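Presented below is the structure to which this report refers.
By written order: A, B, C, D, E and F. Residues from 1 in each chain.
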Amino acid sequence: MPRSGGIASMMRLPVQENTDGLDVCFVGVPLDSGASNRSGTRLGPRQIRQESCIIRAANHTLGAVPFEDVQVADVGDVSMNIYNLPEAVKQIKAAYDKLISNGCVPLTMGGDHTITYPILQAIKDKHGPVGLIHVDAHADINDVMLGAPIAHGTPFRRAVEYGCLDCSRVIQIGLRGSIYSLDDYQWALDQGFRVVTSKECWHKSLEPLMAEVRGMMGQGPVYISFDIDALDPSYAPGTGTPEIGGLTIYQALEILHGSAGLNIVGADVVEVSPPYDMAGTTALTAANLLFEMLSILPGVKRRQ
Amino acid sequence: MPRSGGIASMMRLPVQENTDGLDVCFVGVPLDSGASNRSGTRLGPRQIRQESCIIRAANHTLGAVPFEDVQVADVGDVSMNIYNLPEAVKQIKAAYDKLISNGCVPLTMGGDHTITYPILQAIKDKHGPVGLIHVDAHADINDVMLGAPIAHGTPFRRAVEYGCLDCSRVIQIGLRGSIYSLDDYQWALDQGFRVVTSKECWHKSLEPLMAEVRGMMGQGPVYISFDIDALDPSYAPGTGTPEIGGLTIYQALEILHGSAGLNIVGADVVEVSPPYDMAGTTALTAANLLFEMLSILPGVKRRQ
Amino acid sequence: MPRSGGIASMMRLPVQENTDGLDVCFVGVPLDSGASNRSGTRLGPRQIRQESCIIRAANHTLGAVPFEDVQVADVGDVSMNIYNLPEAVKQIKAAYDKLISNGCVPLTMGGDHTITYPILQAIKDKHGPVGLIHVDAHADINDVMLGAPIAHGTPFRRAVEYGCLDCSRVIQIGLRGSIYSLDDYQWALDQGFRVVTSKECWHKSLEPLMAEVRGMMGQGPVYISFDIDALDPSYAPGTGTPEIGGLTIYQALEILHGSAGLNIVGADVVEVSPPYDMAGTTALTAANLLFEMLSILPGVKRRQ
Amino acid sequence: MPRSGGIASMMRLPVQENTDGLDVCFVGVPLDSGASNRSGTRLGPRQIRQESCIIRAANHTLGAVPFEDVQVADVGDVSMNIYNLPEAVKQIKAAYDKLISNGCVPLTMGGDHTITYPILQAIKDKHGPVGLIHVDAHADINDVMLGAPIAHGTPFRRAVEYGCLDCSRVIQIGLRGSIYSLDDYQWALDQGFRVVTSKECWHKSLEPLMAEVRGMMGQGPVYISFDIDALDPSYAPGTGTPEIGGLTIYQALEILHGSAGLNIVGADVVEVSPPYDMAGTTALTAANLLFEMLSILPGVKRRQ
Amino acid sequence: MPRSGGIASMMRLPVQENTDGLDVCFVGVPLDSGASNRSGTRLGPRQIRQESCIIRAANHTLGAVPFEDVQVADVGDVSMNIYNLPEAVKQIKAAYDKLISNGCVPLTMGGDHTITYPILQAIKDKHGPVGLIHVDAHADINDVMLGAPIAHGTPFRRAVEYGCLDCSRVIQIGLRGSIYSLDDYQWALDQGFRVVTSKECWHKSLEPLMAEVRGMMGQGPVYISFDIDALDPSYAPGTGTPEIGGLTIYQALEILHGSAGLNIVGADVVEVSPPYDMAGTTALTAANLLFEMLSILPGVKRRQ
Amino acid sequence: MPRSGGIASMMRLPVQENTDGLDVCFVGVPLDSGASNRSGTRLGPRQIRQESCIIRAANHTLGAVPFEDVQVADVGDVSMNIYNLPEAVKQIKAAYDKLISNGCVPLTMGGDHTITYPILQAIKDKHGPVGLIHVDAHADINDVMLGAPIAHGTPFRRAVEYGCLDCSRVIQIGLRGSIYSLDDYQWALDQGFRVVTSKECWHKSLEPLMAEVRGMMGQGPVYISFDIDALDPSYAPGTGTPEIGGLTIYQALEILHGSAGLNIVGADVVEVSPPYDMAGTTALTAANLLFEMLSILPGVKRRQ
């Protein structure tokens, strides 16, 4: 089948309705009701699937052929009431409770960052508090946005409150941009998060940082949440709240390669907004990051 | 000042915070949380303002020079909680209560069609039930969408329930597209609405229809709600739920020209979604429709 | 499920690998190797599926609820060697032989117009020579293009040679544009085709023409081939060889509505080129035309 | 040669530096310094050439094969100082003086409408005052714009002052849009121009109008100036000052077809702005209108 | 107010007509008449304002909260005759004379680079000759372009002639691209400018360079002129004369951060061309660079 | 002539039909029939020419003024049957046999990478086996694609089979992306190719690598094939098979600068796909890379 043909499932994988028999699932959450600036991420999962059709079987850098080692399928998107964020959050939580009940690792396509809160709730209920590698331009730890406690700038505050995170094993990488107040990152530091601004990463390989991260995470369960706006807008124009001076794609890949060996129990790539992604490269990037995530999961062998 | 210069207020009008001293105001409601398909209308008001900068003073067709006859300004956008639709609806209602308390006629830039419900509430509280000229591809009379009573497909059902409409003076023009069930329009007919599908308009001038409408509306208060997707997508690609086979721009202008002389107490143009409006022509169309609406308001003279 | 969510199958229908148990199938042929000007139609099926997600269940104009009357699914795309047109044509023919062996009616998403030749071959082998309603800007009856007998400008010449067509029941509607030689349409006339140029349609309803067409087609088997460039570029910019002065969308719908009652054994919409369809309206139009085609198939009842 | 290949000369014609031996020349004037709203027409000639590569040899509607009857080539673009409009106007005039000194008919690709003034000067100096068929959304008869006498809104006022026009044989078709003052068109009427607003054309064939125009023009020399914004933005989004409610493409073609037989001494299509013409259809339209203009020139035979 | 709402003033600041009471003003100059390649910068100020709506109050890197330390507003755009560059230059000069008469620091949104000449004239008349940090792909020191002394490639030659610059305190950073002649940069060197080509910056932090620059500038008045095309096109596609191999955004930020402490009397970001900035990231970058400029102005404290 | 004006020949050079009297020619091969994912490269040559109009005479980095030292012209595009890849390959070979018969160095604008096979055949027949600097994301050494031996993923396997390459002098730089199997690069290594993945290049100058390459290539004839997708998508979004994590533009320029002094007998830039290159920066990049290639050819002097 030509790559431009066929039903656009994630990486042209089989589609199934639940996670029976799966080690790993790709799942979408087509939500943008939590966005504060430009919208459009509701179309993220569909566009990531479309661009993912070029993904092939083997990961040369990691020496991995993930589809040979783990059972993986596309389980479609979570259905929810996009007109009511608190209700949507509950519906997402319930959907993930079911998806991961058998230990299946969810690799999520967003959707705005609101969705990571209910995902982490489900992860916590299954696995207990997790370590978190949070790659993002924004800390997303606001208490409220326009008066609302649920929005795309609040998930990690809510997640802490719910007990989702092992705060001593949380790192935020790539923070930058104008902020509301000079102490915007203070709450994170107060929880014990490690905060690495984008500027600390300029002109550098992140391999040393990732060595540190591996030490920090140990063998406890880890979740990776990758907001595509962590990348500089030159790499990811198709997002709602781009901030200049971001991570390079090389650093993004180093973060994921450097996470190999960790006990990853879930991961997401969020905030891809197709209407601002004219050439499709942002969705393509997301699809590839998800392939890297798949390639580093427990159970996927390093063959070279 | 070159037309490409200056702060982009609506039609380059003065900006003021309230409607003191105004006969007419332009006001935006930057909401897209009520959209069911593609989002982006939250940027509608800003884009309409931008394209409106080409609007000049005189309306040749109508022989009108509205800025000479009525006091009009841009009062900016309504502030609201975009993360909570029911609350946003209340905030919009409250904002309009204030804007129209002195009888000022609001000309609204949407935003998705959800916003017409709270606007009509405020209009009703000020003027009593109104006649309605509703130009749209969709009837927007659903009871719920994805379980939610407030969304962009329900405003006119909610408006009837609130008593906003004089149902014998309601006409819906331009309806079309695939529908959920063959009796989708039945509820409207049951209320006494006049329903004119787009197909009834093909290849025709709407001047005869508008003569009928003027008779139907009489001298009672009238509100005009113009969903830009009433137009065929060839005229208005920049919208979230386009439907083929729509009204022509000539028919749209005939509808507005044919409404001259009515006792119009408010009007809106909604559902402009800038991310899908690459050349800006949809926003330009909205800006011009709003200029036509301004030109037919009570108090604006026919000078030729 | 929000309309922006879920795997993008055609009209969100179930996907199955073959036509077992189906009355009708949607099938894609993601080919652009036969294009002469701009390419990109290889992505047509995927984009049409994406935009089709807004299609709802009922067809108000026709009083039809097709999914209630016929079994229909999305059978995915035809696999073929896109690097070898003659071989691809054979592969498409073989695929359709199988798809329609049980009488299933194929509704095809192109792909460039080359594909209609092998589809018609399969149709002929199943049903015998068919009547043809060919809606297009171009006659597509060249003998060769750049020396090649198989390309998107030759399918109907090849189809006649193969005996696919009952030439007394062939009509071409919408022809226009600059042509190679003043007698370009002569070969069609010589076969007995009825040729209706776009100019003959200007400013007119096509309902009278369709009455004539229904008489011409009688109750014999009929195939409808709709090249999206039949439409004026204002309605369908996303195509490879647009020609100005084309059919309106109203006329296109009249052609399909006017074909209701015919013994349609297959139909296609071809030449949608997503890279030139920035706002998605061309693919949306194709999706809707396919919904109209579905709604007029034998077995679908007129309920109103 | 595939149509997507080869140096993009106009209609893939030979390129030569002057008009020696030519009956007709295509020539570009890549200027946008005279634009008042959005710029970009400086790239118009290049884009029109690019899209013109699909134009074939024969004009079916007119029964014409122009390249067989007249010698025609692409003479490239006029060189000028784009930083100094008055000087540019002089340079354009001088260039056209030379181009048409042998009676060659110039078919011009704009460029903003400023350029028609110096072209008409050269035409006048060669042929005396001419009749004018001016198709446009705007009258372009301002005295000054932002204080400048030379700009894209003033060419026809300047042309009258220079004596270029036989004012009793001037018609302006398609005028519309908001205007500065209700008497904006009065100056044109005062000169004796026939003014036909776009609204007078709605829902109508323009064949009757063109019969009248042919009578009005007689056998005297005629110039056709076609501003692409005469067309409704649905047909021509790629322009700097679009106005809704414009001519249809069918009417545009009727105007040109209806001009066949006139003593045309020059013609232009102006105001194509490629940055706003994402799918290239505006430039394609311009290329086709220029092909129609070529097809109606004196010396081109009606073969059918 | 949601960030997508409200009148798009620069950084959502108050708008006022003059600089009374202001320490700093944002001001636009919507000109593109001086462009040599692609146009469109006339829309730069409007687009920068639009994207600036995401800018928040605090600058984490610099520990600055500029709106607390200096009075700043948006004073709109300079009005000028865009059809006459020399006259426009005079009008800009006059406007800036007024804007800065009270010592207000102008932060300018271009517009093409022509505008920096009259701005520097006004700056010189107020402050005497200034040091200049000129970040650009092009030296912009041509004597004439197409015969014109005023254009976007000549401002710094003109500025030297007018005595605007303290030539021993001028640095040009980022120069590159094909040039007219191998000695194109010689005139700059002859004046005593420091010239740093982009290639000298590859793979490097510019912090060492900026230490040198701070030494070079001392405490005399300094102007910063930042042509967005200094950045590599990957960061800033939306400009008229992009050149490959440019500065990274990290280097751009280092230049501005490294200018903190200088006696900056004015700054600009020019050459943003919205029609080539599909995802808005170039305008967003400009808005952020202007926020950095604001954050380093004298009077803005380092709070961390 | 303004840069936006004139016939768009490569770098505004004269156009001639053959290579008589030329040392170097620019030539296009407008093919995309060999593409596996997104198409559109058939328009590459035309778009590269268009964007090349900004290229000026001198190369500052290299101290070269190539047009003074070598005779160079644009010889247009190769004509071929785009519907039959094997035949097209033969036609390209024949065309290049002729173009280079007099020793003229061809600088090719693609077109998809299929074209390098026949070019190398012609090069081999003229010059014998050559060294190859192959810059690409993909090794392009597949045996077949979808069953076809001729496609854009096979040229270098075919070239080896034909004896085009001196395999000890072949280097592939920039390889990356998901691959079919972990031993995808093994065939290349088996031939003796030097393989440098993109990851080996991250965060590094490639000057050391190029020193090595110069040693490897010696003074034997060398061909450079530059697939634009070697660059990271941030630099080159306009291509059919983008892969994240690619070379930077700085590295690309270092590769070409570092090839100065080699005995280059031909070079190409392929896989530019204009429909995905909204702002034109990919084509601009290709045009500049071709200017760098021209500047390093034997016979072009280093003047500084």
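We take it that a residue touches a chain if its C-beta (ideal position, glycine included) is under 8 Å from a C-beta of that chain, and two chains touch if they have at least 3 such contacts.
Per UniProt, the chains are A, B, C, D, E, F = Agmatinase.
Every value quoted in this text rests on a predicted model; they were computed, and no experiment measured them.
**Student:** Which one of the chains is farthest from chain F (Agmatinase), going by Cα centres?
**Tutor:** Ranked by distance of C-alpha centres from chain F (Agmatinase), the top chain is B.
**Student:** Between the options C-F, D-F or E-F, which interface matches A-E on more than half of its contact pairs by residue number?
**Tutor:** E-F
**Student:** Looking at D-E and A-F, which one has the bigger number of contacting C-beta pairs?
**Tutor:** Top pair by contacting C-beta pairs is A-F.
**Student:** Working from the CA atoms, figure out how many degrees chain B (Agmatinase) turns to land on chain F (Agmatinase), in steps of 5.
**Tutor:** 180
**Student:** Could you please state the distance in Å, as a whole number, between where the Cα atoms of chain A (Agmatinase) are centred and where those of chain D (Agmatinase) are centred?
**Tutor:** 55
**Student:** Which integer distance in Å separates the CA centroid of chain C (Agmatinase) from that of chain D (Agmatinase)?
**Tutor:** 37
**Student:** Taking each chain's centre as its mean C-alpha position, how far apart are chain B (Agmatinase) and chain E (Agmatinase) in Å?
**Tutor:** Between these chains, centre-to-centre, one finds 41 Å.
**Student:** Where in chain B (Agmatinase) do residues touch two or more other chains at once?
**Tutor:** In chain B (Agmatinase), the residues touching two or more other chains are 2, 4, 36, 38, 42-43, 80, 82, 146, 232, 234, 276, 278.
**Student:** Just spell out which pairs of chains touch, all of them.
**Tutor:** After working through each pair, the chains in contact turn out to be A-B, A-C, A-E, A-F, B-C, B-D, B-E, C-D, C-F, D-E, D-F, E-F.
**Student:** Going by the contact rule at the top, pick out the chain D (Agmatinase) residues touching chain C (Agmatinase) in the complex.
**Tutor:** Its residues touching chain C (Agmatinase) are 2-4, 53-61, 63, 65, 204-205, 232, 234-235, 249-250, 253, 278-281, 284-285, 288, 291, 303-304.
**Student:** Under the stated contact criterion, what part of chain C (Agmatinase) meets chain A (Agmatinase) in this complex?
**Tutor:** Residues in contact with chain A (Agmatinase): 1-2, 4-9, 15, 28, 30-31, 42-43, 45-46, 49-50, 74, 76-80, 82, 278.
**Student:** Using the touch definition up top, name the residues of chain F (Agmatinase) that touch chain C (Agmatinase) in the complex.
**Tutor:** 32-34, 38-40, 42-43, 80-85, 87, 145-148, 150-151, 275-276
**Student:** Quick check on the complex: what are the chain F (Agmatinase) residues that touch chain A (Agmatinase)?
**Tutor:** On the chain F (Agmatinase) side, the touching residues are 36-38, 146, 176-182, 184-185, 197, 199, 202-203, 232-234, 237-238, 241-245, 276-278.
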